[in-house]
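What follows is a set of structures for review.
The same subunit A turns up in both complexes below, where it pairs with subunit B and then with subunit C.
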Partner chain A sequence: MTDASQPILRINALTKRFDDFTALHGVDLNVAEGEFLAIVGPSGSGKTTLIRILVGMDELSDGAVWLRNTRIDVVPANKRPTCMVFQSLALFPHRTVGQNIEFPLKLRKVPPAERKARALELLDTLRLPRDYYDKRIQQCSGGEKQRVALARALAFDPEILFFDEPLSALDYRLRKTLEKELKDLHRRTGKTFIYITHSLEEAMVMSDRIAIMKAGRFEQIAPAEEIYARPVSKFVAEFMGEVNFFDLRNGQAEGLLMTPETAAALAGRSGTLTIRPESLRTLPEGQAADLTFEGEIVAEYLLGSRMQYRMMLATGQEMIVEVLRENGVAGGIGAALRVGCDLSAAHLIEEARDAAA
Partner chain B sequence: MQRRDARLGLLYSAPLSLFLLLTFLAPILLVAAFSTMPEKVFNLSQAPDFSAYRTVLAQGYWKSVAWSLFMALAATLILLVVCWPLAYGMAKVFKRFTLVLTIGVVMTLFVSENIRLFGWVLTLMKGGLIEGYWRHWTGTGFDAPLYNGPIIVFGLVYVYLPFMLFPLAQGISMVPDDARQAAYDLGATRWQILREIDLPLAMPGIMVGSLLTFVLAAGAMAESKLLGGRAIITIADEVQTAFTYGQNWPLGAALAMVLIAIIGTVAIWAISKADLDKMMGGKS
Partner chain C sequence: MKTSRFATFLLVLYGLLILGFLYLPLVSVGLASISKARYLSFPIRKYAYGWYEEALTSDTVRDLLVVSLKVAGVVTILSMIIGFFGALAFARYNWRFRKTYQKLILLPIFFPQTVLGLALLMWFNALGIIPSWKTAIVAHLVWIAPIATLVVSIRAFSFDAALEEAARDMGANQWQTLREVTIPLLMPGVTSAGLFAFLLSWGNFPLSLFSTGADSTLPEWLFAKMVSGYSPLVPTVGTLTVATSAILVILALLLAWAIRKLRPAT
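After this line comes the complex of A and B, so read on.
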């Protein structure tokens, strides 16, 4: 149908300035056809501004947005072949479920019988009972409203479907269910999804690729696996969850015991060594790993199947250790703890790369 | 507990109920009683008699009724069109200017309607503010645009503007912004947003505003007397004449009853359509 190598959406040096503040600093992004891309960032990072510009509800100050070969940043929102699932869902309270879903079709003057058939089909797709067609929006639960909003967006049949944190108002269990449903829906429909969220966890479950935003710039754009294992900055590393940082100066770091092989591998290198709490394992006395840490437990938390310890090293630095409960240590607070990990489990953010952040 | 609450509720509402009974229902019943008396005879022990209603039908009063209703309808429709953009601005666009506008519109209510209408007469009449200056400067005069049907409708529009504007602004403020944005995002044009989102969701405000202006305008007479110079006699004017100059209370009462019946029907129909509870911020 279309050239697979050509991105469906291209964002070119997009800048957004408000009166006295620049929300987006010339960001670039390519999105592949059929991709599920999550844009993740803390509040104020510019992700909402970006999505509002992409759907056409705000104007950009500089740059361009291309949908395949069409420049769309100059097209008003109601003429763009994209649509968005709002954070508030923005369902029409005066219309039934069926009328909500049919709305985009009604605008296009699709005959009523055809509209209804499509709406019923979409109710099936979203796993809503067909008799919901005549139900009032107010009678729907949170999760059902969510599905109606999705069905309405799919009825529009957009080239790209945008999501503005639509799950953030739901309780944890429902959110988990809907995350998976959304992922399945993406697979079934083959549409391009661009999903804004502040929750990296949500992004990891669903998306093919994650773009992490910070202060109006993309910090890192990569598959979830890579962002987790090889963050480009401390910001990304911390955003992905708890992490331990060690300053490495010319291959030396305080509080870090290294095997000769490790010392040789790190020799002369500087930067921030990042170690995930769950990469660490407890070590019996006398045994050493590539990287070894010794200290005293100052706090412990039970996280279901895992144990988390806060450990104070001899240097005064604290670090977080997470192990399976059966591998936990006896003694609790005050007990000595020896942990270590393989060098491959540690990631070095090189000095020069992090300097800009 | 619940029963006590119910009793307390009744108790609390008693003063107002009594007041409404005395000032609202009693006069209507009195007028209804008057309307069934024989004309030009005042006799309390008379058996009910519908000769006054026969006079209403026979003497062409329906024309006044029709004119009043027609002009009220025209004024209501014009007000809807004129007030919509203004109300929209007040509800969604203007920020501090909304307050200025509100104060400005409310202040006009501080001056009696007759005085304000007479101000218009002085402005528009031959030799008045406009025509006088025009003739002074150009040497040619023109007829005053007074004493006709359209100027009466203008007067109604002018006098009852606040009664349309504020309910309408209230109604429009209930339209969620995100619903409008979602409709736009899904491909709706401005007109489609107006028809599919704004109008239905602002309907309580539209109904309340239209009802207020229609009911008030249908019972108005100052506009036709002052601006219209009685070019058209409204039904309210006829009622007043029957009670005063005509000294025919049963006829006046019968005319009033006809007007009450018509307007009451319209009002009850409209109220049943509009969700007043929601309008006042209640849940429903």
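After this line comes the complex of A and C, so read on.
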């Protein structure tokens, strides 16, 4: 990723209005050359609308899209140097695997021998056997179809490769395998990938940066670790996985025991304090952490090597705690639980910022 | 649940009765064509095959055949073209008046064909067009083109819009998208529509009656000869007409089977 260089894609105040609602509210985004960017959001957040506008399937209402120094939102889809892997993959059922891969080359009048050589090369790249060249699409499995669709998109040799949730229809294990392959493919080809998904897990495994979308706006655009550790809103925090929220009013929060140092650090501040279940640890009697919570176990779940507890605080608020199994507590449901964390593991979403979101 | 033997017996009987109801009349026409008697009556006492020779060498029958084939042939080709584009508008693309179009295009199918034929005849007269086999093509198309459109639409409804978008995304212009994706994918539907169009035109009587003018198609002649001037030539020509349809259907099935077989193997 070359951050210093000029971005390959610049989206400028892009707005999309339909008859009765606005799908995108003037979004801005810069994508660096060779970056793997994931755009994540729940359905209806506008991510599919955005990608369709970027590849030219739909028109924008306002704003501009630049590919390096060319304004591309005014260029028809078939003249744009970008390519998309569709959710349905859109492989031509009446063509063989080879013909599918060669399709963009055939349109460019590349001679048949050269086309075939390139298609076979791409079969190698995607780790498909070369004799798949003459196979029919219907004879391919789900994962093989994915690879054929990727090979076809790579045959086009796009400046930017777009993905519209291509893995969503596959079973869990295959998805996991392909996620890693895709990341590996990104590294090997050095191309710019823009990947749309509703699965944050998928985005975290593959991408350099994640853009979280909500109701036609970008909520936060940052590397995964940053979004995880320092979400800008409750929406992002919850989207990134299970989290505990505490309302902080002028440095005070109910159900929260603080050391004097912590109280001093939080004095006068208001907002939502977010604490991830796995940053909590069990505390022996008499010992306190920067932030300490006391309550009663109301449910417990075994998550492989970890243990998750749902703890009821004296205030009636429920809290999720996740610890390593060997650090778990005996007694089960009904037992008392004392957990705590360092102040640095808690993140405060300041009042003003969340209100705007 | 296990079906009892008696129920199975009833089911088989029912099936045989239905088949008999459908096919026995045709068999009787076939039998009538090889009867030596001058009039249609059963049981047949003596058989003769001379009428087939007569039918195959008769100038009248040849003329009838030419007219019927010309009409059905042109109707088939035009129905395939109209059906293809009509189905795209019917089933593939969203446009403002699509719902209205869908209803309007289907309406002629529900008109009584005799009324449709009469209306067309009056219209031809008003325009000063002398009815002939050419006007019959127009009349047949009014009724058959909507059916062809429907048949292609069934195929078009199962069409993934992303296929055309993907072609465009990879650089295909509209013509290339049509040639590489839309036409090949709709082709099976267009072929069935053509087969339907041919068979419907080939066997049509009410529309032809009003619209052929001085020309005559096979079904028209069959009817005229039934009314006056019956001879075993009538069931003979009738049998040959049915045989032509049957052969066409069998050829179409064989062709479909051959195409499936010839596709790239594993």
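Here, the second predicted complex is superposed on the first by the 353 of 357 C-alpha atoms of A that agree within 3 Å, B and C clash if a C-alpha of one lies under 4 Å from a C-alpha of the other, contacts with A are read in each partner's own complex, and residues count from 1 in each chain.
What we mean here is this: contacts are C-beta pairs under 8 Å (C-beta built on N, C-alpha and C of every residue); 3 or more make two chains touch, one makes a residue touch a chain.
Note that the coordinates shown come from a computational prediction; the quantities given were computed from them, not determined experimentally.
Following superposition onto subunit A, is the placement of subunit B relative to subunit C best described as a clash or a fit?
By the criteria stated at the top, subunit C and subunit B clash after superposition.
Where does A:Gly46 make contact in the superposed view: on subunit B (first), on subunit C (second), on both, or on neither?
neither
Give one of first, second, both or neither to describe whether A:Gly143 is in contact with subunit B, with subunit C, with both, or with none.
A:Gly143: touches no partner chain.
Looking at the overlay, does A:Gly271 come into contact with subunit B only (first), subunit C only (second), both, or neither?
neither
Quick one: is A:Asp134 in contact with subunit B, with subunit C, with both, or with neither? Answer first, second, both or neither.
second
Touching A:Thr96 in the superposition: subunit B (first), subunit C (second), both, neither?
Second partner only, subunit C.
Both subunit B and subunit C touch subunit A; at which residues?
55-57, 77-79, 83-84, 86, 88, 90, 92-94, 103-104, 107-108, 152, 156
Which residues of subunit C touch subunit A in the complex?
These residues of subunit C touch subunit A: 160, 162-163, 165-173, 176, 180-181, 184-185, 263-264, 266.
Considering only the defined contacts, which subunit A positions touch subunit B in the complex?
Residue positions touching the partner: 55-57, 77-79, 83-84, 86, 88, 90-94, 103-104, 106-108, 152-153, 156.
Per the contact definition, I'd like the list of subunit B residues that touch subunit A in the complex.
176, 178-179, 181-189, 192, 196-197, 200-201
Going by the contact rule at the top, pick out the subunit A residues touching subunit C in the complex.
Within the complex, subunit A touches subunit C at residues 55-57, 77-80, 82-84, 86-88, 90, 92-94, 96, 103-104, 107-108, 134-136, 139, 152, 156.
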